[in-house]
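In the two assemblies presented below, chain A is common to both, partnered first by chain B and then by chain C.
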Partner chain A sequence: MRIGRKTTTGKPKALVLRVAGINCDRETKHAFEIAGAAADLVHINQIARGEKNMKDYHILAVPGGFSYGDDISAGKVLANELSLKIADQVDAFVAEGKLVIGICNGFQVLVKAGLLPGFDAAGGASGTGAQSLTVFDNDSGKFECRWVHLKMPADSPCVFTKGMTEIITLPVAHGEGKLIFDSKETRRRLWDNNQVVYQYTDAAGETGGYPINPNGSEDHIAGICNATGRVFGLMPHPERFVVPTQHPRWTRGEAGRKGDGIAIFENAVRFAKKELLPTGAIHNIHY
Partner chain B sequence: MARKFTLKKTAADKGVAGVEVVDVTGATDAELMSISKERTLSLNLLEMKKIARYFKNKKRNPTDVELETLAQTWSEHCKHKVFNGIIHYTENGESELIDNLFKQTIVGATKEIRRKLGRNDWCVSVFSDNAGVVEFDDDFHFVFKVETHNHPSALDPYGGANTGIGGVIRDPLGTGLGATPVFNNNVFCFARPDFPHEDLPRGILHPKRILKGVVAGVRDYGNRMGIPTINGSLHFDDRYLGNPIVYCGTGGLLPVDRVVKRPRKGDHIVAVGGRTGRDGIHGATFSSVELDDKSEVTSSGAVQIGNAIVEKKALDVILQARELKLYDCITDCGAGGFSSAVGEMGERIGTEVNLEKAPLKYGGLLPWEILLSEAQERMVLSVPPRNLKTFMKLCEREDVEATVIGRFTGSKRFVVKYNRKIIADIDMSFLHGGVPRYPRPAVWDAPDHPEPTFACPKNLTNRLIKVLGTFNVASKEWVVRQYDHEVQAGSVLKPLVGAQDDGPGDAAVVTPVLGSKRGLAVSNGIAIRYGDIDPYWMAASAIDEAMRNAVAVGGNPARTCILDNFVWGNPDKPDRLGDLVRASRACYDIAVEYGTPFISGKDSFNNEFAVDGKTIAIPPTLLISAAARVNDVRKCVSMDFKEAGDAIFVVGETFDELGGSQYYQSRGFIGNNVPKVDPKKAKKIFRAMYGAITGGLVRACHDCSDGGLAVAVAEMAFAGGLGAMVDTQKIPGANKIDRMDNLLFSESNTRFVVEVGKGKETKFRERFKGLPCKKVGVVEEGDMLIIGAPDADPAIKASIGKLKKAWKEPLAL
Partner chain C sequence: MTTRIEVYIKENLVDAAGDGLLKDIEDLNITGAVGARFIRVTEIEGRIGKKQAQRIGAELLCDPVSQEFVVGTISGPLTKGAWIIEVRYNHGVTDPVSESTMKGIADLGIAGATAAGTATKVVLRGRLSKADVDLISRKLLANNIIQSYTIEKN
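Let's look at the complex of A and B:
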């Protein structure tokens, strides 16, 4: 683990957020690096104290782990820090159209901070706010680690998964991954906007009961994005499948040439290069 | 005996509130023993008298702080007095004197192996730090430690196991200048989970409750730490009723330039992480006594209360401080708390602790309690004055509590002050070198168990189903799934493998350095029931099993290090100690021949439970943990059959060795033909297998262990979702075994079942020239497993679905 690693110019910069109990930070940083980004591990206190500025970054990643022990409920404390302690920077980051990804605990955080589903994002007010979904205890009642299949139900605006129409496989490892809506209205809007990015399915792309859906998530939802497609959260871990030997059945020749997860990071890097780097195309969102 | 009176000047200084002076210099033998008992010092008369003599020479009595410090430092847990002691050993009537069994066998084996390796020695630091250290790659050394947390887990399964894993993680972190933890493993031994409730003795928790609590405790701590739990096993025997065994291990990576640690005179002693509380008082001495039905009431305070996030924060800070080279030395606060952490760090230099500075969870702790508390999540660092400010700032940024609690002095004395008054002052040489040695008797006589009398059943299908469904053989998926084995993104071979991700892998493989192809194959071996026949062959079999598991996935046998974890009964009973001598000697013989150095280990005695005048003693239990280097993980193989039409080979000879087998046990027998090891031949087989796997000749490989060949082939078939046909007459050794059940269920060591692809058979055979290796069958399309002689009805004929169901159901809790 390094502090204050120098970043290379010309590459999009990813801020991989650290707080007590976050534990997938190093592999998330690694995934961004092999996808072509420069990535820093940044403790939330460094942001809160002004030692680091989110303005210097193009991508924010909230990695997996057990932030603050997941005491109260998974991700809740960190969600409050995002929407209270560093809300200005987070809201500005999202408002500028920069990219945010929350993985596992990070997804729980984004949902509980109100950054997802982010229905109004296209209209302007896209930052932290009220919560309309939650991610709750698995139906199995326990933490489980297993590989799942994921399918995109429709062409979503998510920039992280652009072009990833094939069924992919990634591992999940969580005790609280069951997505629940606060209302039929939320559910309808999410589907109408194509904000459901991934559903749990079997290898053939059919949804089903446990363990195909490992946690009992409503509508088998594994990941969602906000209305602009620039904020993305998912329970499975794309950073854990970036090389073939991470696949559970690579010895059976099922892994393919590269890991299914790496494309998510490559998409982010490609988009950031094109849309967010100063030398790239013009910012298409101004507020 | 423990009178309260003001400290005389000779005792150090003026009296301090909460500090008692204990009269040992004027105490009779009986009084000395009752002091030891009342304070749970676990010191015997010889040791108490040595302490009394030391203070007589000093012309004063010790404070309770000093007495408690000595008791913890001299505890069996910390000093391994039994293993290092003198033993009068009698085997089958012949006697001899053994001076330091540990040095002769475990340490001796490593010494001999290193001598043979000469300039190619790949051990870096063994038996000297908190964990063993061996070479891994150009940038990192590999660090490995396995601990036990048995007594606490008996009283509080969740808390005991929770702090068991929490504790062992701090060992690699406290090794060298701090290793990054990269994996955890764990092995548990319980009584069977369906033990009749009405037969449960007083004061004992039901084994199912213990199992569930232990798994949850390890799960919640390990997962929160972000360390993948990649390997383990579960074993069941009703003799673990009163004393469950909880082995927890952690492997780590240490940068090659961070091995040497040494506190310097003038360095600050800095406590980092958790606060000190009244939990975990007397853990070290408590673990050196037998449990009884009152232990839950009398000793629960010895169980610590864990908080993984506090430890995770400390870990994060320490690894950053390590990169910045902010400290000279580090160790964990384990057994004995500050007293042993500071005492051990300052052994050669001397320390002065200002106890009132230690941050407490709550008020009201007596000074000796602060010094001795084994509260979790604490590390002690030696920070030079010039780095203190930077270090403290780093801790503060990450919300980690760090406190200067003293200095390394150069006085070669262990000095403790409380509000500037001296409350302990002991010579380091007495504290660490003063413990007396004395002889203990040990005896071993070969037992004679009744041999089975039943005839060989014609149809063995149902016998196979029965063996697959025993708790020891059955799937452990219920446990494995609750652990995150993917975090850190280094997973190559997972604990469960195969077409449906549910076959029993032999060893886990991880790449601990992101982006690198170099890996570690992590495995374990344990052969509990063989110890009922001969602990020598139990230990030999455990090493062989650990080794063949590592080799089966592609681990390099010439770069495999092993750890020993002895969990035994009361060493004052000569038969228990005799078992230890037998087992240790096998460790030497087999390890030296295999070239697998012991790099670290642990022993835990007194695992006995007294109730209603009876004692439940655990069987002698030796866990061997192994880690083998893998140069390129892309060469690794898993155990599931891959493709119909491939050849099935058996490597290694099957003997009539059913003694202690799962098959005999399922028929109610122990027998006497315990599996043996031919280490010279075994070494050749391991080397050949490594060559075959890395040479790309192997598609699947599985070792034969519990349940023998029949179970191994069945597991490969149902893990791969394929059928198989096996001709029993072709099995190496078949011509010398006259019973089909013996042939299929014998648990002979050093055997593998191997799937070899088309066109590779000749090359595969060549690798095993002169070694037992034969093609025995073919992987088949469909779902039938057929095992038998060609001209008779098959001995086993069953669908893999049925076999898998029998194997998966028993432990689906």
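Let's look at the complex of A and C:
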């Protein structure tokens, strides 16, 4: 038994949100942990009841899965919970410049809750508002479950993908991944602000129709961020490629030295350490 | 009292399920079907006012970017002249979407709903006989062990 010994980890804390039907929460937690964060699985009711406080965390992850069975439409019921049950905490979290990532079902949630595209997000403002885009049924009418290539179309303010200019490969697994806009104005603003983070491409980095674009997403968009680059959502699953052996062709040497997805989590952790952890702060004191 | 809300995909967008149904109808060797659209029907039991029903439609059941809804039954060009097939669960069969719907209504702070049920309405166009539509319903739309269906010509 260790008594009286203080240790400091100095690790950013990631809150990995759970509700019924989410099934990528453990993989997401694992990804943050190997990237250097301390991660907790937290059920939304623990936040609503005050048992957990979002103020204690630096990163919020809304993982993939089928929240509430994707009944009504994918992510809709959880999006309403974020907007209605814990809106104040979510709004404050974003307004404080903390990091939010939504993966697959989590991306659908962020869009339907109005956290993305977050055009007006700035220091002290969350930018949440009415829904101006959506993630809709795949054009193929099928659940698309396979690996895709992704490329950043231009410089993006996205914190999570800083420096990731090369083409990456990640798996998708969704039936509702087609991103569509409510208007040409929304589309123009998203591009003008460089908020399009990833497009579906082929291995050479060229965009194209199905099957390169697995869902018919407008402008082949796979992921977007808000105006500050601190809220990020994408349909592919970076948490499913954090070590090379998760790639189906790793034995043929095609997986690279690290999984392509881990850099997204490492970028978040690096940024949180630098920008969100107070200098000299002592975290997670254990006796 | 039952409040009925119907949600449908905006006409300018692809209805992937409808397009898939047309292909499946061809596989049944039925020719003549030219259009299919899916409508999601939600029926809420209890004391729900008009404003509350509008709010449930707008904030829970309908995606504002991709869908539209009506409280009641859709009429007009969307359904006029078409075959209407409505598929619903038999009594006693669990309807999991209804449970999420009840949770969603409660999250909106709306009291008074005592139960919810769902159905799928298919709007089918083309030169089809009632026997064709009945075969389509039996083979492609309803599982007769747990579901039943009605057919109407609008």
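We adopt the following convention: the second predicted complex is superposed on the first by the 265 of 287 C-alpha atoms of A that agree within 3 Å, B and C clash if a C-alpha of one lies under 4 Å from a C-alpha of the other, contacts with A are read in each partner's own complex, and residues count from 1 in each chain.
One rule holds for everything that comes next: a contact is a pair of C-beta atoms (placed from the backbone, for glycine too) under 8 Å apart; a residue touches a chain by one contact, two chains touch by 3 or more.
Worth saying up front: this structure is predicted, and the values here are computed from it rather than measured.
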Message: With both complexes overlaid on chain A, does A:I72 touch chain B (first), chain C (second), both or neither?
response: second
Task: Mind working out whether A:T251 is in touch with chain B, chain C, both or neither, as first, second, both or neither?
output: first
Query: Does chain B (first) or chain C (second) touch A:R18, or do both, or does neither?
result: first
Message: Once chain A of both complexes is superposed, is A:H237 in touch with chain B (first), chain C (second), both, or neither?
response: first
Task: Report for A:F181: first if it touches chain B alone, second if chain C alone, otherwise both or neither.
output: second
Task: Between chain B and chain C, pick out the one touching the greater number of residues of chain A.
output: B
Chain A residues contacted in one complex by chain B, in the other by chain C: 68-69
- line: In the complex, the residues of chain B that touch chain A are 180, 219, 223-226, 307-309, 312-313, 316, 319-320, 323-324, 397-399, 481-489, 491-494, 497-499, 501, 511, 514-515, 633-634, 636-638, 640, 642
Message: Which residues of chain A touch chain C once you look at their complex with the stated criterion?
response: 68-69, 71-73, 76-77, 80-81, 84-85, 112, 130-134, 136-141, 180-182, 216
- request: Give every residue of chain C touching chain A within the complex, in rising order.
  value: 13-17, 19-20, 59-61, 63-66, 96-97, 99-101, 103-104, 107-109
- line: In the complex, the residues of chain A that touch chain B are 1-3, 18, 20-21, 23-24, 26-27, 30-31, 34, 43, 45-46, 49, 64-66, 68-69, 142-147, 171, 173, 237, 239-240, 242, 245-246, 248-249, 251-253
